[in-house]
Each structure stands twice: as C-alpha cells, then as structure tokens.
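Which chain is which? They are A, B, C and D, in the order written, and residues in each are numbered from 1.
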Amino acid sequence: MTSQQPPLWRRAVAELLGTSLLVTIVVGSGIAAQQLSPNDVGLQLLQNSTATVLGLTVLILVLGPVSGAHFNPVVSLADWILGRRSGTGLALPELGAYVVAQTAGAVGGSVVANAMFEVGTSISATERATPGHLLGEVIATAGLILLVFALAATKRGVLAAPAVGAYIGAAYWFTSSTSFANPAVTVGRIFSDTFAGIAPASVPGFVVAQLIGAAVGLGLLLILFPAAARTADDVVLTRGAERAIS
Amino acid sequence: MTSQQPPLWRRAVAELLGTSLLVTIVVGSGIAAQQLSPNDVGLQLLQNSTATVLGLTVLILVLGPVSGAHFNPVVSLADWILGRRSGTGLALPELGAYVVAQTAGAVGGSVVANAMFEVGTSISATERATPGHLLGEVIATAGLILLVFALAATKRGVLAAPAVGAYIGAAYWFTSSTSFANPAVTVGRIFSDTFAGIAPASVPGFVVAQLIGAAVGLGLLLILFPAAARTADDVVLTRGAERAIS
Amino acid sequence: MTSQQPPLWRRAVAELLGTSLLVTIVVGSGIAAQQLSPNDVGLQLLQNSTATVLGLTVLILVLGPVSGAHFNPVVSLADWILGRRSGTGLALPELGAYVVAQTAGAVGGSVVANAMFEVGTSISATERATPGHLLGEVIATAGLILLVFALAATKRGVLAAPAVGAYIGAAYWFTSSTSFANPAVTVGRIFSDTFAGIAPASVPGFVVAQLIGAAVGLGLLLILFPAAARTADDVVLTRGAERAIS
Amino acid sequence: MTSQQPPLWRRAVAELLGTSLLVTIVVGSGIAAQQLSPNDVGLQLLQNSTATVLGLTVLILVLGPVSGAHFNPVVSLADWILGRRSGTGLALPELGAYVVAQTAGAVGGSVVANAMFEVGTSISATERATPGHLLGEVIATAGLILLVFALAATKRGVLAAPAVGAYIGAAYWFTSSTSFANPAVTVGRIFSDTFAGIAPASVPGFVVAQLIGAAVGLGLLLILFPAAARTADDVVLTRGAERAIS
C-alpha cells in the first residue's frame, strides 16, 4: 500500500465495476453465441472466448491504474499472501473489501447481461463438476496466478492486460472446464441459465479447485522466481499513470 | 487546441475519411459475411467483428495524429465537455465541423461499400430498437467513453488504437445490439439494406441511448479518474508524431 | 539509401524470400481451408485471412531490417516517388531489382504451396475482374499505401508489421475483391488453381486498379501529412537493429 | 552463459514446465475442438490454432526470463551452434539437459491433457508422414529458426513471445503438416490418440525434416543477418527482468 494509491472506496468501485463487466462480457457473449450459432457448440465457444480475450484485456487496461484490476478473489488473496513477505500488497481489510466488491459485481454482471438479451435472470442448471473439469480448474488457476505474479516479479506488469486476456482465451480451450479460474466469476455465473451458466451444486467444487490451483501457482512462482515477493498492485501500474490517479 | 495541431480543414478531412472507411469496413465486411456464410448468422457476426477490430485499429493508428481519430460525435462531444474544464479540447465550432464531417463520411462509407459489392444503395429495413438493444447501446457507449478518456487521463493514449479496436470487437458480442455506440455510424448504416443496416425508425432511439451512455461513461470517468480533465486530442498523439504533422 | 543499409543483393534476397513466403501463406492456407472446411466459403476465407494477418506480420518483422519488407511493387514504386522529393528512398535500379525479386518470389511461393499440399501447379481458372472487384482493389491499395507511408511520416515505422498485417486482414473482408493490393502477389497467385488463385485474364485489370489505388493513396498521404516525403526504408528499421545488419 | 542466468536446474524446470504446458495447450484444445465442433475439421483446426497462438505467446512471456523459453530441441541446438561462434549460448551439457527436460515435459503434457478431458492416454494412430507433410515440416522449422534468431540478432528479442505465437498460428494453416516444427512436441503428441496426435511411425520422418529445416533456417539467417552469432538466450530477456531472477 503506497501513498500513490487511490482511496480504498474508489478501488472497490473499480473492482466491482470491472468484475461486473467481465461477467457481462462472458455471459452476454455466451448468450449471443448461443442465439446466433445454434448448430455448433464449438463455434459458440470460439465466439465466447474471442469476445472475452478482447474485453478482458480492455478492462485490465482501463481499471488497472485504479485498483490493480484483480477482478478475482484468488488474485487478491495471492497478493495479500505475497505482500506479507514483502511488507507491501493488500492489507487484510482491503482483501475483504476487494472480495466483497468482486462477488457483488459478478452477480450484477449476470443480471445486466440477462437484461440486455431479455432472457430473465434465473439459476443455471448446467452441472460442471466432473473430475476432469476440476483438474482443469486447478491447472487454469495455477497458470493464471503464475502469469500475473511472474510479470510483476520481472517488472513487466504493463503487459498484464494483453497477457491475461490471451491466457484466458487459450484456457477456454485447453482446459476441459473452459477455465472459470475465478471464484467471484463462478458465483456470478450461477445467475444466468444460459451458455456460460453453472449450477450452484458445481460451485463449491470449482472454488476449492481454484484455491488449490492458486496454491500450486504460488509454489511454481517461488520455485521459478525466488525473488517474487512483489504484489499484484505493481502489475498494471505504469509510471506515468500513477500521478494522474493519486 | 495546441499550436501543434493541423489546421481544422485537414482535421475535418481526416474525420470524414476515417468515419467513411469505418463504415465501409463495417458494412462491407457484413455484406461479404452474409454472401459467403449464408447458413450461420453467428459466423457472419464473427467475420464482421473480426474485420472491424483489425480495421478500426488501423484507422485510429493512421489518422490519430491528424485529428485525434474520434470518428464518433459522442467522443467529440465528450472531448468538448471535458475540454471546457481544462481549457483544452475542441472548441464549439470545431465540434460542429467534426460532427458534420463524421456524419457525411459515414453516409459515404455505406455508399462505397454498396458499390464495391454491387448491391445498390437503399434504405435498410432492419428494425433494431428493442428495450434490450437500447440498454445495450447505453452500456456499449458508456464503456467506449470511459475507455478513451481513461487512457487519455493516464497518459496512455498511444494504446488507444488497439484498445478501441479490441473494445468494439468485444462489444459486438457482449451487448445485445452489436454495439453501434456511434451516432454518425448509426446514421451511415441506414443506407445499406444488408447485414449491418439499421432502419431509420430505430435510429432516434439508438442515438438517444448513445447520448445517455456517453453521460454514464463521463460520470464513471470522473468517479474513477478525478483528474481526468484531459482531452481526446491527447489520445493518439505520440510525441515523435507531433512535429511531422504540424 | 543510407550507409547503414545492407548491400542490394542481400536486400533483393530478402524481398524474394519475403514475397515468396507471403504467397505461400496466402495460397497454402487457402488450400488448407478449402480442404478442411468444404461446406462454408466464408469460414474458408476466415481461416485464410487469419493465417495471413499472423504470417504477414511476422514476415515484415523478420525481413524489415534487411530490405524494408516491401514485398509489393507498388510500395517500392511509391517509395521511389516519395524518395525523389527527399533525396532518399530507392534509386531507379534498386526499384527494378526489388520488383524483379518480388515477382519471381511470388511465383515461387505458389509453386512451394502447391508442392506442400501435393496439388500440382496449374493456371488458375478463377475470373475476378468485375467492376466491383476493381473498385475494391483501388480502395485496398490506396489504404495500404496511406498506412505504410503515414507510419513512416510520423516516425512510427516500428508499428508497420502488426499494422500492415491487421490492415490486410480487414481488407480481405471489407473489400469485395478480398484485397490483393499487390501486383507481384497477383501474378504469383496465377499459378495455383485453388482457393486463392486468379485467372490470367483478370490480372491486367487488377494491376491497373492497384496502380490507380497507389496514386490515390499517395494523394491522400500528401493532403493529410504534407511533410511525408519520407521513404519506406524508414518503415521497419528500429534503431537497435541498424548496427546488427550493417 | 552469463552470470545473470538462473542455475541450470531452474532453467530445466522452466523448459519442462513450458514444453509440458505447450503440449497440453495443443492436445487439449484439439480434444475440445473435436468434441465441440464434430462436423467441420477446418473449424476444429481454427480453434486449435487460435488457442495455440494465445497460449504459446503467454508461455514464452512467463518463462522466457528463466530459461529463454526454447521449449524446442531444434531451437536449443541452434542456440548451441550459434553460441560456439560467439562464445555465448548453451554449453553442450546444458543442451543435453534442455532436450531431456523438453522431451519429458512434452510427454507429460499429453498425459495431463488426456486426464483433463478424461479420454485415457493411448498411442496415436494418425499417420502423417507424406512427402508433402515432410516438406511442410522443413519449411515450418526453417521459418521458426529464422524468426527466433533474426529477432535476437537485431536485438528485438522482447518481441519473441507474440511473434513466435503468431508464426506458429500462421504455420498451422500455410503448411500442409499443420506445423509441428518441434521434435519434443512431436514425441509428446504420440501419447494422445486425438485430434493433435501423431502415430509413432510418422515421428522419425518428422524429426528428420525438422532437423533439415533447422539447417535451412540457419543458412538463411547467416545470409540475411551475417552478424547473427547471437544466442537464443538473448531472445526474451528484458533488461529489467534480469535482476529479478538472478
């Protein structure tokens, strides 16, 4: 927590808005894909993943200078854990505020997507928690944590926006679970019974797998980048930007 | 308005040419998609959105140093509003010239696309103004305004070309309206009764929604970036470029 | 012609290799698309254009420091014309060497693509010279010339690789002709009777349209960037690279 | 081998992890594509290649600062050959460690992908070694080697991540073999009888073709960039990163 950071309330607004828009992008493009390409599920996923690559990159770019653009409780958690080693990073009350904002935003994002496409908000019936999918979530989340904090550790946080977008776009396809990799987004996706939805019964398994994945990712990080006690707040701050937001 | 800017007539030519080519890209690739993939509307939209991501990025890159590459009356309007706070930005007569050039260019762009594909210029019959689509336009435009001026406020205007291209590419999919987000382009798309067209009766609703979206975007901007009284003219100017065009 | 440029023979090798690989990319990915997605021509074009965006970007990146990565007689011609104004740019004998290398390379590229896919080299029977397609070639080539030399004029030549790749990827879709925009590549594409081929009878019309487009592009360049008497050789040279190749 | 490099064991871990994830990306996205778009092989390849472009770019970005992100025995071999000329580059025992790590990782990557998609690990039955495909592998590998070491020779190694990703994405399409271009990945792909698999009988031909391609690529490199006695270890190291990992 440096003196250059915006006040917590503004960072929480950024996390809420960003996670909300992320879920709107995922759920909304899923609905569009399902409606427009009804005969090929793979084509639907290609449309859904392409929209997410582009949209997530932009969201991190816009909101990174405000809050670090975590949009994801396991990123905030890892930031807090790494920050305890270095004396920087989120403090525990900040972690709480981030997670609450992310989760509330994620639910709101589903509601907004449903409203735009006039499909009505209801609970998803899509069961997803198979052993293969849970392994997929472990791998997807491990990779995400390794990516975000490896960039921070090597002072290349300015690349986080396109890199995280690209990573999630690949992970939609190379993991069997289509890479949720985010507990808040997983909860938000309960509230749309459409392409990107997830049934409540599958959520606990997914979240546990994501937490295990985050631990694996942190382990790999400390093996490969032993000096990596940096915080995610370094991730997307560019030097020029710091003054403009303080 | 700094001393380094090109004369207004040249900036107006750039806005006219750029908006014209933007509409040619949107309408032309829509016609190509409709002709080549007649059996899957989602695939058509993927082709249409992919072409727009790439083409819009290039247009902003080429013409940004001349006029700021607004190509959009609500961007010019927001630039004028923000500029009044800071003493920079477009003056009112410049705003008028920009909007006229953008609208004339947009109509011309439809005519050129129709001519290339030999389909004849006629008025679109595609009604689009449903409540869900209007909400989509509010969100799409709010996001665009927030993106453009957040980059300017954080002195990352050099990223505007790929970022705006990526944003529109995502918004084609995550909004229900396929993200027009631009009053001039909306008017231009009246004049092609093809994939990307819009019936005149739907235009007023779309434009009102876009103006509301711009206001929402400006509100979010001032909450998240309180120092954001920058102008869109900073958006795409690179330092090295300034001398070459003055 | 500065003292830092490689000798002409090496630049000619780069132009021959680069244009050859460009045609291999265009023709080869067209054959793959036709074989793998036989039921949707639009999907074939999407595969073809996506491969070209990525491949052309890489070719310019690799060979730009050697020859400027023109791979296109109208780019070399425009470079010579602009260079006469500034005392830089290609000299007339160099222009001749470039065009010969580009054309020979383009023909070779078709032969290599045919060999990889074991389809046999034969003359294309695909007639393409309709009025709409010729207008498409004028517009596609004008945009290409404006893009390349606008970047050079504003000292952003380092962006040429992704920008030209993106531009061609968009122009595949927004022009009716799928944007050949290159006389050498047009000639090379005669020699494959596959997706990307062009019948010899259509070539003269395409080349004339491309020359007209180049003139239009130069005209727009001089209106928008009056100081643009730069040469294409500035386009892709990065400062660090100059020493490594001289 | 400079004093700033991490110890060999850590670099070997990075090569093992990176090659493993690369094969997981290629094989996993291939399985997903096959399951989700069963009716169009070209669409499957587009999904497979898109995931690989994005995923490979991210892998090089993350692990480049540790090991140089070769993930490919012919890249390591070429690095050793070029390094003998310059007194830098991999030493012979390091080359051995890299190749062992890459090959073991590649096999593991197939196993992980199979486990995520619950398809069971078995030997592929997909014969691929036709004359056209072998020519494809020569060209694909020549291009890859030329790209990697041309960027290093011109001090643009920071571009390797997106450039190599883009190159492989294009080569999936413009070569007839879908561009394996990597002996370790070729071996790894034996162990999944799915979309991306290769029958053991086709592997020796592919590997020989890749070695020939590497020689062709090195030859072209030395013709075009005579000063190119750089090593691949320069490829992805950014200055700021060096301190963080030493």
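In this section, a contact is a pair of C-beta atoms (placed from the backbone, for glycine too) under 8 Å apart; a residue touches a chain by one contact, two chains touch by 3 or more.
Which protein is which chain? UniProt says A, B, C, D = Glycerol uptake facilitator-like aquaporin.
The structure presented is a predicted model; accordingly, all values stated were derived computationally and were not measured.
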Practice problem: Check every other chain and keep only those touching both chain C and chain D; list them. | Solution: none
Exercise. Count the residue numbers both chain B and chain C use at their shared interface, divide by all numbers used there, and answer same if that is over half, different if under half.
Key: different
Exercise. Taking CA centroids for every chain, report which one is farthest away from chain B.
Key: D
Quiz item: Taking each chain's centre as its mean C-alpha position, how far apart are chain B and chain D in Å?
Solution: 40
Quiz item: How many angstrom lie between the CA centroids of chain A and chain B, rounded to a whole number?
Solution: 28
Quiz item: For chain B, which residues are shared contacts with two or more other chains?
Solution: 40, 43, 46, 50
Practice problem: Write out the stretch or stretches of chain A touching chain D in their complex. | Solution: 40-43, 45-46, 49-50, 53, 130-133, 135-136, 139, 143, 146-147, 150-151, 153-156, 159, 163, 166-167, 169-177, 220, 223-225, 227-228
Self-check item: chain C contact footprint on chain B (complex, rising order)
Solution: 10, 13-14, 17, 21, 24-26, 28-29, 31-33, 35-37, 39-40, 43-44, 46-48, 50-52, 54-55, 57-58, 61-63, 65-66, 112-113, 115-118, 238, 240-241, 244-245
